[in-house]
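The letters A, B, C and D name the chains in turn, as written, and every chain counts its residues from 1.
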Amino acid sequence: MRHWKEECGVVGIAGTDCAAELVSLALYALQHRGQEGSGIVSFEDGALKAHRGLGLVSDVYTADALAGLDGTIAVGHNRYSTTGSCSAENLQPIVAHSRGSAIALSHNGNLVNALELRNSLEDQGAIFQTTMDSEVIVHMMARSRQHAFEDRVREALGRVVGAYSVILSDGQKLVGARDPRGFRPLCIGRLGDAHILASESCALDLIGADYLREVEPGELVVIEGSRIWSIPPVEKVDPKHCIFEYIYFSRPDSVVFGHAVDPVRRRLGQTLAEEHPADADLVIAVPDSSNSAALGFAERSKIPFEIGLIRNHYVGRTFIQPTPRLRDLRVKIKYNAVKDVLNGKRVVVVDDSIVRGTTMKKLVKMLKKAGASEVHLRISSPPIQHPCYYGIDTPTRNELLAATHTIEEIRRYLEVEDVEYLSRESLLRAAPQGLGYCTACFDGEYSIPVEGEHTKEILERNPV
Amino acid sequence: MRHWKEECGVVGIAGTDCAAELVSLALYALQHRGQEGSGIVSFEDGALKAHRGLGLVSDVYTADALAGLDGTIAVGHNRYSTTGSCSAENLQPIVAHSRGSAIALSHNGNLVNALELRNSLEDQGAIFQTTMDSEVIVHMMARSRQHAFEDRVREALGRVVGAYSVILSDGQKLVGARDPRGFRPLCIGRLGDAHILASESCALDLIGADYLREVEPGELVVIEGSRIWSIPPVEKVDPKHCIFEYIYFSRPDSVVFGHAVDPVRRRLGQTLAEEHPADADLVIAVPDSSNSAALGFAERSKIPFEIGLIRNHYVGRTFIQPTPRLRDLRVKIKYNAVKDVLNGKRVVVVDDSIVRGTTMKKLVKMLKKAGASEVHLRISSPPIQHPCYYGIDTPTRNELLAATHTIEEIRRYLEVEDVEYLSRESLLRAAPQGLGYCTACFDGEYSIPVEGEHTKEILERNPV
Amino acid sequence: MRHWKEECGVVGIAGTDCAAELVSLALYALQHRGQEGSGIVSFEDGALKAHRGLGLVSDVYTADALAGLDGTIAVGHNRYSTTGSCSAENLQPIVAHSRGSAIALSHNGNLVNALELRNSLEDQGAIFQTTMDSEVIVHMMARSRQHAFEDRVREALGRVVGAYSVILSDGQKLVGARDPRGFRPLCIGRLGDAHILASESCALDLIGADYLREVEPGELVVIEGSRIWSIPPVEKVDPKHCIFEYIYFSRPDSVVFGHAVDPVRRRLGQTLAEEHPADADLVIAVPDSSNSAALGFAERSKIPFEIGLIRNHYVGRTFIQPTPRLRDLRVKIKYNAVKDVLNGKRVVVVDDSIVRGTTMKKLVKMLKKAGASEVHLRISSPPIQHPCYYGIDTPTRNELLAATHTIEEIRRYLEVEDVEYLSRESLLRAAPQGLGYCTACFDGEYSIPVEGEHTKEILERNPV
Amino acid sequence: MRHWKEECGVVGIAGTDCAAELVSLALYALQHRGQEGSGIVSFEDGALKAHRGLGLVSDVYTADALAGLDGTIAVGHNRYSTTGSCSAENLQPIVAHSRGSAIALSHNGNLVNALELRNSLEDQGAIFQTTMDSEVIVHMMARSRQHAFEDRVREALGRVVGAYSVILSDGQKLVGARDPRGFRPLCIGRLGDAHILASESCALDLIGADYLREVEPGELVVIEGSRIWSIPPVEKVDPKHCIFEYIYFSRPDSVVFGHAVDPVRRRLGQTLAEEHPADADLVIAVPDSSNSAALGFAERSKIPFEIGLIRNHYVGRTFIQPTPRLRDLRVKIKYNAVKDVLNGKRVVVVDDSIVRGTTMKKLVKMLKKAGASEVHLRISSPPIQHPCYYGIDTPTRNELLAATHTIEEIRRYLEVEDVEYLSRESLLRAAPQGLGYCTACFDGEYSIPVEGEHTKEILERNPV
């Protein structure tokens, strides 16, 4: 169920005449990673063209907009801005002019020392155009004494701490990099002579590109013309891949961190069925995000899989917001229960996660009204008890249902017969082995210390 | 797979202060029946307010637009216009001013004697504002000598021949009616003191209304204030419910013609598995329209159901149209194959129907490229060999794949291992019994003779 | 001073490949005759294309919109709708489909028997798409038994009574006609092989066409290909040209009713100076409408002409409407007084007319605040004491300042030293001789009886 | 005649609840100083709100946009961007975040050492968000060690060289300053407790504020709450007021550099008549910019003033651009000749200046076609022979008609009977005495050396 907000999808392409158009299609495939706004910067003969807009990819990139984005290199970004600070100015790619050249930057992740760096830069006289943490990177680059573009990127990234998968370009080279722990994904593809960098492989599939491999944690990849080379990390640290990419964020048809997502998600459902079986007549998913896990649960439990909830996908730019007198219709606008399937049945509902629990509470009510005699809730991940500081927009701790409620309290709040979560151990056993994961949202073990919970609020005091 | 174009979704509501807002939400639930444009007419104290626009329901009805649609009665319409004649002027509801009162009309279906009636009316001096067949109905009403609104509706409908589910209002009364054969659906719901008429029950679910019953073929239902009464048909004829509503058009969570859609569709898949078993490793659907049938097939055949195709739902008003140099991406923009699921597997693909076959051909290519070793195509309906004249926008006969190709030729064209259709007999056995169906698209048995294939072309010669 | 609202500007062109584009430019030149919305209908091979929109001509006709308006015949219209009933549906040209052909109609004027005709037509079963009086004309044409398009126009116009300059086309022919009294203007021009019909000659100037002549009262002009011919009026009645075209409506650079406007307006100012001299230091105009009259006054009185008021012309589609707390800025947004010119001076202000007097009251206040020691108001037309029923949107009688106040009361209300109007006799002496004028707004002598003051209200009860 | 492009109009207001709304109205009065785009930044409790958009003031500031601009301090800007680099990103006010506070800057003028400063700043690691010269000012401020806002402004302005009238705010204080030579205007007004800074006094008139005085060259004015104080210039240099403000740029109803514009412009016309009399029948202006000068010429020469050209003011956001086949209509769209006034007459045309001469050439043709037997052209300023580097967007030298042609060659090019310019000596005699003027565009005497003609091109190489 979509309830967390992934910060971004990033794309870069070099070595083709239709760079911006291919980036727009790749961003369309990555729409699930950010739906508030989108931007593309392209370069032709060193001249930079930019188009950014609020809304869905299919609304932002009109034929006219794409016609203005000439060039053989392009960088793109989908943004999931938090409510309130969503404005055209905070859309990426960030553009900076410095020493006769222009830079474009797309960033997925969160820098935990951004405020400290920003304060230091401002003390030295730097001025900022946005309230985004990513902007410190281009400032660092502008101060670098290195000559080569990739060396300036490396020097700047050497100073930032946190989670990042970044794509940058100066119009000559396209550079992609992941932070040393590799929190967020970034993969490499090829289409003829062109190379593509993208958050997930589904973006490569749409444009017909071949998947080559994941950028390694700490690695920096440089693309120029039809050539590509790698600058390996100076020192290796234990990787901390975000395990939620497998649980929920990525599309099931993507390869992420080197592994296909759907089979992982299927195994989570199977393991969940083993760990927490249920006595029921049918298994349903909350479409579309928990479809794979629910199928896995049904398969292992031998309980039939049914379509008990229908999702309405026709959401335009300005989603219908019922006026106050028709409040409480919000969940109904998105989901409808299939009475004939549910009526008189004991139902296992498999979902991938619960954040606040408000949507799930309404769904349960809808299922019961449609006739479900029992609802057994099975979650294919452990209880979320800690906020994420590495690029996922989670609520504060006291808004997280599992941080403030016991399992029994959750059961009573949601009004279900029972609710069970996949254990952390089972999760790690079912996920691809040998990668190294960040599971801070489940266990609070933050591999990088954070400055404080208020960083973001401070940065956003003066939105442009 | 969405390849046919259903003409319309219709809604009407009377007896509530927020009539237009509820209609907009109901139209949102009926978005699958028409995505080119939408319109609402509301009445307050006899004064008529209208808002229509091209695009999705969520784009057309802004807060501002709804704020202007006061009143306790409202009529709405979603349109799936054919390419070329899609213009703001041809959006419904149709509005007509006559003898001091205004009428609004929403029509789903197709009148086969519209051109003849129009010619006759024009000979008498009538002028038309649109090229829509539905406009003759309001002309008939204006010429009626009856006093009561419902009697004028009845007299007008007595002259038209064809398929229609219509909703009309003069600001005082809301009238709903189906043609004597009942080709197209129309159901009745209640929400407090208000009554709702809608093409499918999923529209009632969204606004929290209770489903009462289907309007009968030939019946005319009148709603005034909180009262509702029925004018039964004068003479009964054999009903001819459109069987394609069960195969593909309606949402699976709807009740249509008095029966829930999902179980019917499930039975079609089961029967298909019995009639045309396959030796394969897995069953996949073409999401979302064949999900139910594919589940039925998997269940009966004991072959596991898997998610082998992912559909991208983020389609805005102006869908990205790849420029000529990126042609052939159109199917990829909508679907992606899950390699890890398909690689090396013998796959049964269950789809509900094949019209031209062009999309299916590309999908098969995509599945094979993703590694499927065999593709066994199973269609949960008989071959479509005849065009529809009763409200579905089918291509002409020679564009229908099954009208011009044998099964073996279809197999070779689609490049699949085998292709099998559900037989007409099995279809009629699996569908709800005792209703009476139109199966003209399969067998060419047209219960109402048509004027000729060119009616539509003639009407659209002078689009406004 | 702009305070009356002229109903419309009309244009038609036939015989050129860029008909719609030329019509758009002609409508731009006629923008002063209607600023609420604009529309163009073009015909190519009998197929009709339409584009209409609210706002200024330069906003409505984008390159895209014009690109869709192919054809060699086009008809256009600028509308000045009254507040409240301004909606996209009431924009002209009106389009009607009848007996296999489509008709477009642009109308400037007002039909006094429209309601009576409409009632009669509705009794016979006609339905109306708009609340505009002009729609009865196309209904009459649809009922005509004549074959030739121009004969159907003539038959229809033979039934309507009132003021009209109309342009119609069926895609083959372009027809222009004026009512028998010739209230509103309409002239003929030629550009190469093409012919143009337009409200004023300034529209011909912009597109580089030559002015041929005015359409005669009661005459009907037919244009087909490069040919043009005339159908003279059956019987002649005394012409009643609207004298306000010379006083205020038309652009000074136009030829209207066969005479150039600027010299007439200049003579009104000269005659006013003779009839009502003033002892003052300078003469100023209320730009731009009274510039010519003020120059005439200055010339004859030997008092220097100065620019004492500056008008801000940068008005976009949505004019800035000060919020309540900044009310009273409305006149300041449009005009500013030039202090250095006015300070300590006795000023003659020449304006063309006074309707309600509210704007003039604020202007006088502005002039006095800028230092004018005396304000002598001179109006280059007689007091308006009666509403117009022939196409000008005047307020009801009790809102007309001069209908309810004596000259002395007007002087006191406006807080000026003195106010004098040109007499009716002087007006008729200064205007072109031998034409025959309607002066009903000054003397109440209505040459055509009207049905009552409420016609319009009744028609607009059910706006679409 | 509008042919030069003034760079900007600037406004600031502090000390009122409706700061942004008043700024929007003031910008409306200053629309003639920039029509490509407009922006407002307001501050409330230190939080900054911004709205900018391309187009006219009346299009940019919708009610919604203004509703979002709360606060008691606001800064605004109208921009006349040069073709090609007109983009939403280059609109002012510029916003910068630095050390926990935000700054807004509006700039009218041109900094001649901007590129040098920018290079130096970029060497130190600064990054730029725009290609506007003004952005160096906020970088200088961010590097200042001063604490008070006005001291940081002063330190930054101490480093820049060139022409500037700037308005800045940090949300607490509003600061206005002019460069030491005072090239561009900036005046102070009061409205109740609030103070206003604006390019011209006509902005004060519209909002009902009282004109206090001009900001002195080199002076810095600080406004906080209802207080206002001055920081005088450290050292005085000879002032160089742009004399073109009197000739053409400013509105005639404005007080600029302490003197009313209209009387100056009138004297230019009178002096021109003395210096270059003409034997003619009438004098006409090119409306509206040369109206005052033409009246002065007519008065002194005793030749009657007539309205021989009508200007169409209804220009929307996207001005109608005739397609290639209708080229050469551009001047006709803006002006029309009044045949009846001109026919057979010897005409004196008074205009304020000639830049390239292309528009004037077409106007002369239009006048001759309308029947003018002779055209005597009189220009109320000397020949423009040198580009402006201090804030006016002039073409390069070889595009300036008078830089490459003798008077006789100009006469032949424009096809007039004779053409005469006001001499530099007469201009300086007729303009207000004791001010000190920049006349570099006439005599090439640049009081500040410029870096080279290509500064602008370099800055704009990488437009965002």
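Criterion: contacts are C-beta pairs under 8 Å (C-beta built on N, C-alpha and C of every residue); 3 or more make two chains touch, one makes a residue touch a chain.
This structure is a prediction, so every number in the text was calculated from the model and none was measured.
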Exercise. Steps needed, at minimum, to get from chain A to chain D via touching chains?
Worked result: 1
Exercise. Can we say the copies chain C and chain D touch using the same residue numbers, with more than half in common, or are the two sides different?
Worked result: same
For this session: Could you tell me the distance, in whole angstrom, between the mean C-alpha positions of chain C and chain D?
Result: 36
Exercise. From the C-alpha centre of chain B to that of chain C, how far is it in Å?
Worked result: 49
For this session: Let me have the rounded angstrom distance from the C-alpha centre of chain B over to the C-alpha centre of chain D, please.
Result: 60
Exercise. Which residues does chain C have that touch at least 2 chains other than itself?
Worked result: none
Exercise. For each chain, which other chains does it touch, given as pairs?
Worked result: A-B, A-D, B-C, C-D
Problem set entry | Of chain D, residues touching chain C in the complex | 17-18, 21-22, 24-25, 28-29, 31-32, 35, 55-59, 61-63, 66, 202, 205-208, 251-253, 255, 260, 262-263, 288, 291-292, 295, 299, 304-307, 310, 312-323, 325-326, 329, 332-333, 336-341
Seminar exercise, completed: Contacts from chain C onto chain B in the complex sit at residues 46-48, 50, 89, 95-103, 119, 122-131, 138-139, 142-144, 461-464
